[in-house]
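One chain, chain A, links the two complexes that follow: it is found with chain B in the first and with chain C in the second.
After this line comes the complex of A and B, so read on.
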């Protein structure tokens, strides 16, 4: 399964819904969480495509992928997630750090 | 018995007399209070004239401009409901100073204070002033000679970030620099970081209303665009989660204090939220500069002026409550 951030918004914003429209929190709750659950059900990796937007703040990515790690566990997320970022390849390492820094909340 | 009645009557009369006297005294006192109050009210609606310094330019004339902004704090807003900014003697003016002034006027408006002003007499300064876009938010007395150019001052962002607006402004700026309207993902990310920092940290627990101001100064002849971003919150140094030795260093100031701002942009301090995954915004801003997407990055916050180009942090004599960012993009930058 593939999730494109540009289908959510061309101009992703900051961390929380309160910060403004198209936040990382909103992306996680509407797109990422459901997409991940569905791809796990289908025994496949979730592909998240970061290309095609106007740019990202660290807080957006940290909230979206960090929350995913908190919900499903960092290692499980890394095993079942593939990120595409051809326009800004440095996000790949950054997002891995965001995921590993979080602890699973049970 | 009769004697007692007489005494009681005397006491009663004395009391009545004293009460009458007191009532008369209170009446005069209240009248005086009312008249004084009326006078203060009348006076407060008279314009209080504020002279703008002749070199009104940031970051170049930072000390003089910051002294001016600090002097504005001494204006008593309860007795001054109308400020008139006199620009007549201004010979040099920059977007940076105008943007801070705009943020200050936004705060004044929150207090119910009206603000207006005149134009600089100097023709060059007047042209720059009128083309800046400042007049969209500011009433002036006098005739305009120039229409607003491509330059944009974005008014207060209130309590939210606005990634759509920032992307539009970035696309316009790439048109000026590279003659192609295109996105700039790193600069867009940086602007969202700045806006989010303002919303989440700059005003934490403070008396001021949240808000950011962003200005873009297009210089098509040089294929260059200058950016300013201002918030009049608490400033970076006050909002860092410092440990005890750093608090001491910050208090001592000098090179100890200057070092703190450098370390803040290296991501050494956590966020005041105390969450481990926070406090990355400043580091991300520095990274955009280091990667060459922007140049001439300068920051003024609290009593520090940090120039990223030569990595020097200078202690200012004048304090600035808030944070001011300045940077440029030209065709030598990455896109």
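After this line comes the complex of A and C, so read on.
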């Protein structure tokens, strides 16, 4: 399964819903969480494509992927997630850091 | 006919040589031997061949190296030109979040292009832009990790100081990499 952030918004916003539309929190709750659960169910990796937007706030990515790590566990997320970022390849390392910095909340 | 700088210099050196020769003639009694030794001719020819070879190879290398350095520096300047033109960090009181994200993406792409060209460089081998990238990442986080309200990032005075410091460090790294490029011969 593939999720394209630009299908969510061309201009992703900041961290929380309170910060405005298209936040990392909103992306997580609407797109990322469901997509991840669906992919795991189908025994496949979730592919998240970051290309095609106007750019990212680090807070957006931290919230979306960090929440995913909190919900499913950092290592499990890393095993079942593939990120595409041809326009800004350094996001791959950054997101891995955001995921590993979070602890799973049971 | 208008003479260019190099032609004028050649003419000046030539004229100075003639004047210098005329002045020195009364002081020397030069005798020229009409017999020429074969080993002297061979030695002269060899010296000339080596001289021509060295001037061609070293001269060619220097001009290629100069071209590469100028190209790399122009790529670094594209990064700073963008920052100056976009006026991204002049106002650190209210930063439009969308513009900041867009600006950092463009900046990131320009730094990637520079890194890619640098990794293929022939004469500036071993030169890396790691510090420049780290300074960029620190600057990016100092702004894009902050909370935005109604599309505006409004840093506190401490955060503003941090942004200004990170921006200065980034500019310093840009300057450093230009200096390092210039050191390569």
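Assume the second predicted complex is superposed on the first by the 106 of 106 C-alpha atoms of A that agree within 3 Å, B and C clash if a C-alpha of one lies under 4 Å from a C-alpha of the other, contacts with A are read in each partner's own complex, and residues count from 1 in each chain.
Note that a contact is a pair of C-beta atoms (placed from the backbone, for glycine too) under 8 Å apart; a residue touches a chain by one contact, two chains touch by 3 or more.
From a predicted model like this one, the values you see are computed outputs, not experimental measurements.
J.: Could you tell me whether chain B and chain C fit or clash when both sit on chain A in the superposition?
T.: clash
J.: Give one of first, second, both or neither to describe whether A:11 is in contact with chain B, with chain C, with both, or with none.
T.: both
J.: Considering only touches as defined above, state whether A:66 meets chain B (first), chain C (second), both or neither.
T.: First partner only, chain B.
J.: Which chain makes contact with more of the residues of chain A, chain B or else chain C?
T.: After superposition, B is the partner touching more of chain A.
J.: With both complexes overlaid on chain A, does A:102 touch chain B (first), chain C (second), both or neither?
T.: A:102 sits against chain B, while chain C stays out of touch.
J.: Contacts for A:89 in the overlay, against chain B (first) and chain C (second): which applies, first, second, both or neither?
T.: After superposition on chain A, A:89 lies in contact with chain C alone.
J.: After lining up the shared chain so the two structures overlap, which partner does A:19 touch, if you call chain B first and chain C second: first, second, both or neither?
T.: After superposition on chain A, A:19 lies in contact with both partners, chain B and chain C.
J.: In the superposed view, which residues of chain A touch chain B and also chain C?
T.: 11-15, 19-20, 54-59, 62, 87-88
J.: Name, in rising order, each residue of chain A that touches chain C in their complex.
T.: 11-16, 19-20, 54-59, 62, 87-90, 94
J.: State the interface residues of chain A toward chain B in the complex, per the touch definition above.
T.: 9-15, 18-22, 53-60, 62, 66, 87-88, 98, 101-102
J.: Please output the residues of chain B touching chain A within their complex, sorted ascending.
T.: Touching chain A from chain B are residues 159-164, 166-167, 170, 183-189, 192-193, 195-196, 199-200, 276-277, 280-281, 284.
J.: Per the contact definition, I'd like the list of chain C residues that touch chain A in the complex.
T.: 97-98, 100-106, 108-109, 112, 133, 137, 140-141, 144-151, 153
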